């Protein structure tokens, strides 16, 4: 299969590497990041257009909606360069609005958009173990399955409309934000009663909450180890704002998302935007005079 | 060991049964519930006093703080009847205020209070697999360990102050309420975007949320099976209100608890107080015009 | 008319003084506060019973529900001492539960309860200009009208059930708390955008918000003059908690009350419990890194 | 003074009419709306450019940020057509982002932006009694003062940065949304206690809340007269979202704004988007089973 790949951040590097056996043409705005892939055989394109022309599928793994829109819609971007009938496989975490408008543009150009955001961090991607939430026209999604097998451990089908995958990804992140917030509140409550936070951590993770969300983030909070960064507070806010924007479009009150958003804003206001978003627990503690 | 046992609701029955080999004297306000235990050899007391006199430990497993206060403080109650140096082991889920005032009363009477609320449902109790959060004077807690071994799979030590166990139990329940609420919001968001709730369920429980809180309650929500009752909405509200009362005492804002409380109030206002508290998801759906 | 009067705090002093021409018997737990009234002709009772016996109406103006319950229900309290057919006129700000249970007790004793909380501060009371929210059996309320004329500028009839007056008073306080909170948030927003808070103050109070709630509390916030105390943060929390308790009983989600409650808890946690409750604005500013 | 005027909605018509004595050139996207002004002597431009060329000041009074950006930035828009040194006086309610980016563009083009959103409805504008919140370079604001005198009763100076006026306008609207929400909650609380809403209305508007926000909107709520439309729910949501966007930029948690936003979303989800935004009270009542 002839593949293009645009966006070689930490996740992009790992995903692209697993697809090297395809005739892979890679492009990144900053050239340096393409070198590792060139070494193992990828062809390095000097423009977006070159990464798209003649390709059956072009994958993007970009950090935000602005980057996605630029890459797709600007002159000699994906829309102008990808052949008719080819697929744009968007694997970044994007908002409903961005996916919707890009899907529409691709449709008018006779191309297909498959949204397939991934679940997992770079090390998980390196092992080919990410989860993939895929949505788009059934035929187009099918044509991506061989790639998905290389990249991830499981594909979750979110229906025929690309934005469906976006909203599921955002909903999952939002539920995670709520779990961290709830822990932050609960830990501050036990601290105020002179009980060690590790007691509650043990109770939670031994029982109803014996899963990574609580084990990983609970551990960071108990250890107050907010510089062991998995996901920054700024990125957390970005995702929560995308979830709230999706909720705004579809008229869904999300009171828990509001709580998470306010907590993240408070943390950033206090200078903690680049620390792990488990800092929410610290910000909650601050609000009750503990820090 | 000479044991008394007061409060033979569904949990009480199962816990008491596991302690039958001790010289067990049981008491329940309504006599009927004592029969099963009498059959297997428990002595049935006709008064609280009789269940306390000469006992080394009297266990209570009562449904709320009012019942606890009555049993302890009324004339010929536990306080009047338990020998000096004996232990009152309170295994119900109680509020910080109730535990604090009863601990103080026992202290003045030369008795000990150990608070040891349990985690798990009656079937888990029957199997001797509940979790136990224990707090109280170290010596008194030690004297209960043999009982804990019979009753549960693990003891979590929450320190020397009985109310510490209460606050950990309430915090755990509160985190659970937040998880259900977050799921309810997230499910309504994906529904509004025409994605099946089962997709989000699969993503969550396959990944960050592969634990009972999400599997059990998420399943109820996806199936809209709110009459499969594990824990009622009214009981959920009771626990959240106790958590908020503990937070009030210790000056801790708990914005997520507020969201849960309001959701539970809304569900009860709509007539769903006796359904499973996963009904929170249904109430959220109602708020956004889905039901 | 033969009047008893129990509770000579700052408000009580002023209200009692306006009723001096009636055959006034006054009682206060701490004796000192009765002296001013004795000087102008009141008879000082040495017990609650003495302030009730032979009286047609006994007024209480007490600071909280615990004080009210004690005064009414303890041995030789109002319930034991007031003649049948007489009225207990409760003018403090009380919770729905307290008023309901006391109304019931009076009813069984052949007495009447009229709840009539007042609106206004001591200086307003001194001028006979408070507002009075009155509820109770119509006949009993009528019998109090002559007193109301002496005490206040206007009577708001809240129906035949005493707790109706309590809930209206609490609702009014709650709306005030929300107004202060909203101002606090709005002021912090303009401050972060480098605009003087006085600009927003002028816009608000010149237009939609040209009323005391915004003029008085907005001024305190603009001047950051939180030690000019009209109503303390602790008292504000007490009222909001009573409003939330009323909402709990009647199954009413009050999301704005939750926001106010959390803000007050945060302020108290930071040591500001005895400052004016406009400190909510300061606490909001703190949450966004401004203080 | 040579004036251009773009945007002849209901407010625009009234404001333009008061400026007719200046050499007024008016433009509206839909031609029909210019006729009334043509009758009283305004010159009707056939393009944005024609409304700008040779003008000292061009006023816009547009309904949203998209319209503003289009009018300013599109080819032969204000930016291209207004003379150097001239002023764009933007009198609509706009977001901080839109004002900021347009101010920057005008600056680069040697033009000035003064943001001057107005307070009041069309009938108030017709009487020349609106409030005006003005911000921009001092010199440019001064040059607009003669116009402000014609249009409004009072000018509030919000400093030298145009977005300062935007944020004050949004903050004022947000405080209004909070007042309506608080009333809605309070009214549902008294209704659940069988007290007429008019009692609380009287208490509020006689005392702390004797101002239009409570009198106008409280009256609509008491009368359940949500089709007497002053400001629609959809417009309310637009303003609250702009306030939240301003808060996002400046890292300010606004918990009360979240409550208002969720309420508005719920109302719209239930089909009430085009009714008066006092419908928030109805939506609150619905949430507690009253409707």
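In order of appearance the chains are A, B, C and D, and numbering begins at 1 in each one.
One rule holds in what follows: a residue touches a chain if its C-beta (ideal position, glycine included) is under 8 Å from a C-beta of that chain, and two chains touch if they have at least 3 such contacts.
The shown structure was predicted, so the numbers you read here are calculated from the model rather than taken from an experiment.
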When A-D and A-C are ranked by contacting C-beta pairs, first comes A-D
Outermost chain relative to chain A, judged by CA means, is C
In whole angstrom, the CA-centroid distance of chain A from chain B equals 38
Rounded to the nearest Å, the gap between Cα centres of chain A and chain D is 37
Rounded to the nearest Å, the gap between Cα centres of chain A and chain C is 52
Residues in chain B with touches to at least two other chains are numbered 247, 251-255, 259, 262-263, 265-266, 269, 287-289
Contact graph of the chains (line, ring, star, complete, other): complete
Per the touch rule, the chain D residues reaching chain C in their complex are 96, 119-120, 131, 133, 135, 154, 156-159, 161, 163-164, 167-168, 170-172, 174-176, 178-179, 181-183, 185-190, 192-196, 199-200, 202-204, 206-214, 243, 246-247, 250-257, 259, 262-263, 284, 287-289
Listed in rising order, chain A residues that touch chain D in their complex are 241, 247-248, 251-255, 258-259, 261-263, 265-266, 268-269
Interface with chain C, chain A side, in the complex: residues 255, 265-266, 269-271, 287-289
